Amino acid sequence: MSDPGNVAWMLTASALVLLMTPGLAFFYGGLVRGKNVISTMMYSYVAMGVVSVLWVLWGYSLAFGEGGNFIGNFDFIGFRNVSAEGVDGGISPMLFAIFQMMFAIITPALITGAFAERFKFTTYIVFLFVWVTFVYVPVTHWVWAPDGWIAGIGALDFAGGIVVHATAGIAAIIAAKMVGSRRGVERGVEPHNVPYVLLGTGLLWFGWFGFNAGSGLLADNVAVTAFLVTNTSAAIAGLVWMVLEFQSTGRTSGVGFATGAIAGLASITPAAGFVGPMGAFAIGIVGSIAAYSAVKLMAKTGVDDALEVFAVHGVGGIWGSIATGIFAMQMADDNGVMQNVGLIDGETALLWANVRAVVAVAAYSGVLTFVILKILDIIPGLGLRVDNNEEDLGLDITLHGERGYVADGAD
Amino acid sequence: MSDPGNVAWMLTASALVLLMTPGLAFFYGGLVRGKNVISTMMYSYVAMGVVSVLWVLWGYSLAFGEGGNFIGNFDFIGFRNVSAEGVDGGISPMLFAIFQMMFAIITPALITGAFAERFKFTTYIVFLFVWVTFVYVPVTHWVWAPDGWIAGIGALDFAGGIVVHATAGIAAIIAAKMVGSRRGVERGVEPHNVPYVLLGTGLLWFGWFGFNAGSGLLADNVAVTAFLVTNTSAAIAGLVWMVLEFQSTGRTSGVGFATGAIAGLASITPAAGFVGPMGAFAIGIVGSIAAYSAVKLMAKTGVDDALEVFAVHGVGGIWGSIATGIFAMQMADDNGVMQNVGLIDGETALLWANVRAVVAVAAYSGVLTFVILKILDIIPGLGLRVDNNEEDLGLDITLHGERGYVADGAD
Amino acid sequence: MSDPGNVAWMLTASALVLLMTPGLAFFYGGLVRGKNVISTMMYSYVAMGVVSVLWVLWGYSLAFGEGGNFIGNFDFIGFRNVSAEGVDGGISPMLFAIFQMMFAIITPALITGAFAERFKFTTYIVFLFVWVTFVYVPVTHWVWAPDGWIAGIGALDFAGGIVVHATAGIAAIIAAKMVGSRRGVERGVEPHNVPYVLLGTGLLWFGWFGFNAGSGLLADNVAVTAFLVTNTSAAIAGLVWMVLEFQSTGRTSGVGFATGAIAGLASITPAAGFVGPMGAFAIGIVGSIAAYSAVKLMAKTGVDDALEVFAVHGVGGIWGSIATGIFAMQMADDNGVMQNVGLIDGETALLWANVRAVVAVAAYSGVLTFVILKILDIIPGLGLRVDNNEEDLGLDITLHGERGYVADGAD
Amino acid sequence: MIKIEAIVRPDRINIIIDALDAVGCRGFNVQNVNGRGQQQGVEVFTGRGATTATRTSLPKALITTVVSEADKEKIIDAILGSAKSSEEGAIGDGKIFVSPVSEVIRVRTGERDEAAL
Amino acid sequence: MIKIEAIVRPDRINIIIDALDAVGCRGFNVQNVNGRGQQQGVEVFTGRGATTATRTSLPKALITTVVSEADKEKIIDAILGSAKSSEEGAIGDGKIFVSPVSEVIRVRTGERDEAAL
Amino acid sequence: MIKIEAIVRPDRINIIIDALDAVGCRGFNVQNVNGRGQQQGVEVFTGRGATTATRTSLPKALITTVVSEADKEKIIDAILGSAKSSEEGAIGDGKIFVSPVSEVIRVRTGERDEAAL
């Protein structure tokens, strides 16, 4: 039987990760213009609907069924055979499947920042089903299923730097390019509601404790370290971003601190269970600088990744995955003998495995995302982008029939 | 001694359920007009004050004292004799009493959506004391105290479909009818802040994990299944509502998805510990369709249940309570022998018991709410409704002396 | 090895306390004018950055290293020697250090309410480093390190009435006096966004369960009682404030209820593990009346403690610390024999110890805060206060380069 | 051409717009303002709720429509007939201001004056 | 002196301001209004999403600038040239109203009229 | 009758209203606008904080009061005396515009013109 303490923590962690998606909705929703706030938030909220259903029906089965190196099988369709009975020294398969579901929900939601303010909502629903099934699920299998090929080459991704952030980040830049720039954003868009951005950041930071400290699947000392390094990386990365901004403009934006913190969180994710606080400092500092530079670079490419998903999540996740290969601490092998793992202890195998994993996953996500969007674009009745008039009036009123804010009086 | 894991989970679950009331405040607060946002939110917040006090002083004692079939007794007045000492294989009476307190807080808060934008705040405070004491407390005793008569007939209500949602839903429609329609809402009211509705939905969804997965009182496999089906029902119900809306108007509102999800959560509540994911799909789909239809129907009755408490919570909770009788899975009896329970396994006893329970509770809540409001209406100095001028100016400024939003400059 | 249940609860509690800082940001952010909302929120958010880093690098070591009566030592610099390995019947040092970190974050953030809308952000960053190091860290050592001198005189502070609320409250009034009044607030400032105040209150109330029920460091019956009395005190204090307000103005503000609840939470904090529900009622009622009176008094002093940090947190925390000496229940000594503790059981030692502790800490925090701010004021390039033009335009746009809310269209 | 500006209670907006519709005025715009006249402000809480201040002004809505002179009286009558909070009217029901407009241009077509209305 | 009030699409504001800049108009103010004309409102959801209503008006922006008579045509041309949502223009692109202003005073200096602009 | 529109700094509103009160002007309304003149906009962050843009305009408040010609100068003086951000005044303190109003009607009573003020 599972220890109730582990069950308690993993139930809590699952709930925390679920809350990250509303957190993301506010983070993203605050960054766009007011006429698209509902549209942007709904991209996240509806993922809680679609992916929860998909995961129970076939997603979990294809991701974690014992199907081979590349994909799972149909054993767990509809959560058949997914037992809620606890197991000694661990948690039940069902609790594991629930925890994993929350990751599957937030990953595609992350992408939406790239095409916010212009992507068709109906097409997005279809995209959710297709992308999670054909991109997220296989990648998850590769990395986290015991028989996945990336797990097989010895790559380590503690809580999703590869599975979540790299896949989403690459998908984001491809999507942004294909959907095209927003109309009239040449001067940049001021976030319409900074408190929402900060609220989202607070909820994400809070939820990320579940994300990372839950990924060891036990309430043990790994969870404790993961919790600590998560917080440390977020903190230092937020500060670093603030310093960079201050040096170049003399001011320190709330959105900047928030973005830095999120970059730090994305960066530490793959390493959370494998590094100590000093590793976390290194990862957070470099992650923040890298993401900051990426934002500056993106401005030059002309690709309108509206909410900088690639620069922040993609770059953060990729850096973190490589950093795992650098900073991972010694770990006990099956016989309890401590083994060097990271580059700092002189080992290159993990670094090399993680680099291969990142490249493979990035390429796969990029190509598949491209193909999926191409197909959705030409299917009659779908298409990626709203028309100009809808974009000008805002997606809230045209697609959702609502305005974010309605003042009394002024009808 | 209690296992710390169970304590950990039930402390967490209690905190999660407490957070649902602020969540509800935002859900409701976003749906009204801006001039009543504080008023609407305060209906919920002040329930955290009033009911917490009442529950400690006499509520818990009357609900869970061993007083007989209909009501508890005075043994636990002021939480006297409510021990914090853990018990083997379970949680302490005090932790149980705390968890139950959170349910007692949110139930009357749910009702307030029916009479929002016009109910007198001072009267509402009195209503809180009276309604919880004379409606919520006895019903809780009937259903959840071991000696309650509804528990006695074998009805099952896992987490409050009957106790919370049916009582509140029926009270809501009675209250809405008695208080009368809002002035000038013939054209419908556009929610003044949809992000608040979504925030509230996120917090409710999050908190509901405590509500449902906590209702087994242990961090065990029942909690795990309850967690899963809660999420599943919310997800599918949100999607179903969206599809229904899309079919009739070609658009998909954020408020619609949110409302569907809440209907799904209300529906699964009584069944959460007794069904699997397939049951959850069935319950969520039907719950959403039923609530959606009820909203449409309510528009024809002319009863201004302002935030559709009856249609969403009442109908959801009632449907879920019946559905429990249909879909409840086999359960082990005291000798560990599996017994059929639900209609799908050919048993009708539970269905029949639950129907009787719903009818009895609905009738009791309806009649008592009617009587209570009638009396409050005629007590000098109370009265149900604010005057026309207060309603036109908004309850925030007239009753609470505040405006929700104050712009710099424009005094 | 730690019991996973205790680990689960303390991970959760740590996350809950972390969330209080965003909660505080919203509580405070809603109370100021719209032109300073980001500035006010950033005072809290950046504390999550600065103090997290500081705590890992040297804060925890100086606070909890075995350095003597007055300050810790350098044993745990950079969390060196802070083990994540669990210990029987308790939690690991690292988990304890994490939990304590969250307290170190929120304490200086509390102070910021005093000088909101006019304090220079860059100076504030420096203040954070200095104040936490020279005020918070030593006080924490005195009270909570086993070898601290206040612990030595037998004073009890369960969850931070002295360490957190008294230090911050006194620092607040000193800071408010030194920074001077805001320009043009003679008529008082209407909170610009009451829903944010309520959201912050909800998150604080929720997070406070971690704060208080986590402070016993175990998922046991102490946690359960602490949870109960926390909720009880918050509830009754909110109601009492509402009644006081209603008696003097005939209305009941949302901000008033919220403020009362926070006063109740601050008041119960030092006593949470030592009193029962009846003690909580007494503490909450008196705490609310005291804070309410203090707000009235402050209006006469002319000191512009903008968000009433002293009156609410300071007075609450001080009252609670004294009240602990009055209402603390019998406790078992090392031999398991029950000992009287509080004044109500006829003992004066604890009361006397707590009074001395409060006086010493208040004096220390007051003097040090004064000295620190004096020095920051004269350091070239720093200085406490923004210039008049920045204050008039608002700190958001001048220091942070952002506006809280940007409407579409009106550029 | 003239501009008619009506300051009215926010809660009457829908009804006033219906009345404008009924007399054929289909071009207008609405904004929220805060106003004071004989109707005084109200007492509000400031700071942490224990102290109060007086709000100078209350929320009002401002409807603006530019019409030809010929339509003036019927528009004014429509507003007068729909803007009162009750049969007898109450202080704070609002005011109508009429002022001259010398030119009107429709952006889309460049049409001018009466043709542009 | 005259006052030029242009009701335009909110998403054109930046472009219009650039056009005003280009012709040397550097004093103006902008506010958000809701307006209706030939362009009708849209269907919106009310209540809990299952029922709809028609929003009478849509968001517009109002740019106001007070200029000397002499500058009138170039300002109007600048607005006409920048406010259209597309080459052909579309219903709802907005309107320009011109009205007389008898006096202008600069608060800072007390300067009057043309000198104060 | 004339309409006096004063564009001022938002943080001066309360003081200006007191000054208006002092000279007996008790009817007015206030709204928030964004404006630009000699005072330039400020640099703001856009996107994710690493890139900046220039905000064209800054928040201002617009006070409007309709009064009889006779009261004009005292109202203007009241505003001029209270709206400056400092003794010397600073760029951006604002402007006052005066324009004709041909008719005023009180909704409540139907009174017209001077009687309606």
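Going in written order, the chains are labelled A, B, C, D, E and F, and every chain counts its residues from 1.
Please note the rule applied: a residue touches a chain if its C-beta (ideal position, glycine included) is under 8 Å from a C-beta of that chain, and two chains touch if they have at least 3 such contacts.
Remember, predicted model here, so these are calculated numbers, not experimental data.
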item	value
Set of chains whose contacts include both chain C and chain B	A, D, E, F
Between A-D and A-F, the pair joined by more C-beta contacts	A-F
Angle (degrees, nearest 5) of the CA superposition of chain E onto chain F	120
Whole-Å gap between the CA centroids of chain A and chain B	33
Cα-centroid distance, chain C relative to chain F, in whole angstrom	42
Multi-partner residues of chain E (each touching 2 or more other chains)	10-11, 14, 17, 30-34, 43-45, 52, 55-57, 59-60, 90, 99-100
Junction residues of chain B, two or more chains touched	3-6, 8-9, 12, 35, 187, 190-191, 193, 199, 219, 249, 251, 253, 255, 257-258, 400-403, 407-408, 410-411
Category of the chain touch graph - line, ring, star, complete, other	complete
Chain B partner contacts - residues on chain E that touch it in the complex	43-53, 55
Complex interface listing, chain A residues touching chain C	3-6, 8-9, 12, 16, 33-35, 190-195, 198-199, 201-203, 205-206, 209-210, 213, 218-225, 227-228, 231-232, 234-236, 238-239, 242, 246, 249, 251-255, 257-258, 261, 276-278, 281, 394
Contact set on chain F toward chain E in their complex	2, 6-8, 31-38, 56-57, 60, 62, 76, 79-80, 83-84, 89-91, 93-100
Interfacial residue positions of chain D with respect to chain E in the complex	3, 14, 17, 26-31, 64, 66, 99-110, 116
Residue numbers on chain A that touch chain E, as the complex places them	35, 183-184, 187, 388-389, 392-393, 397-398, 400-403, 410-411
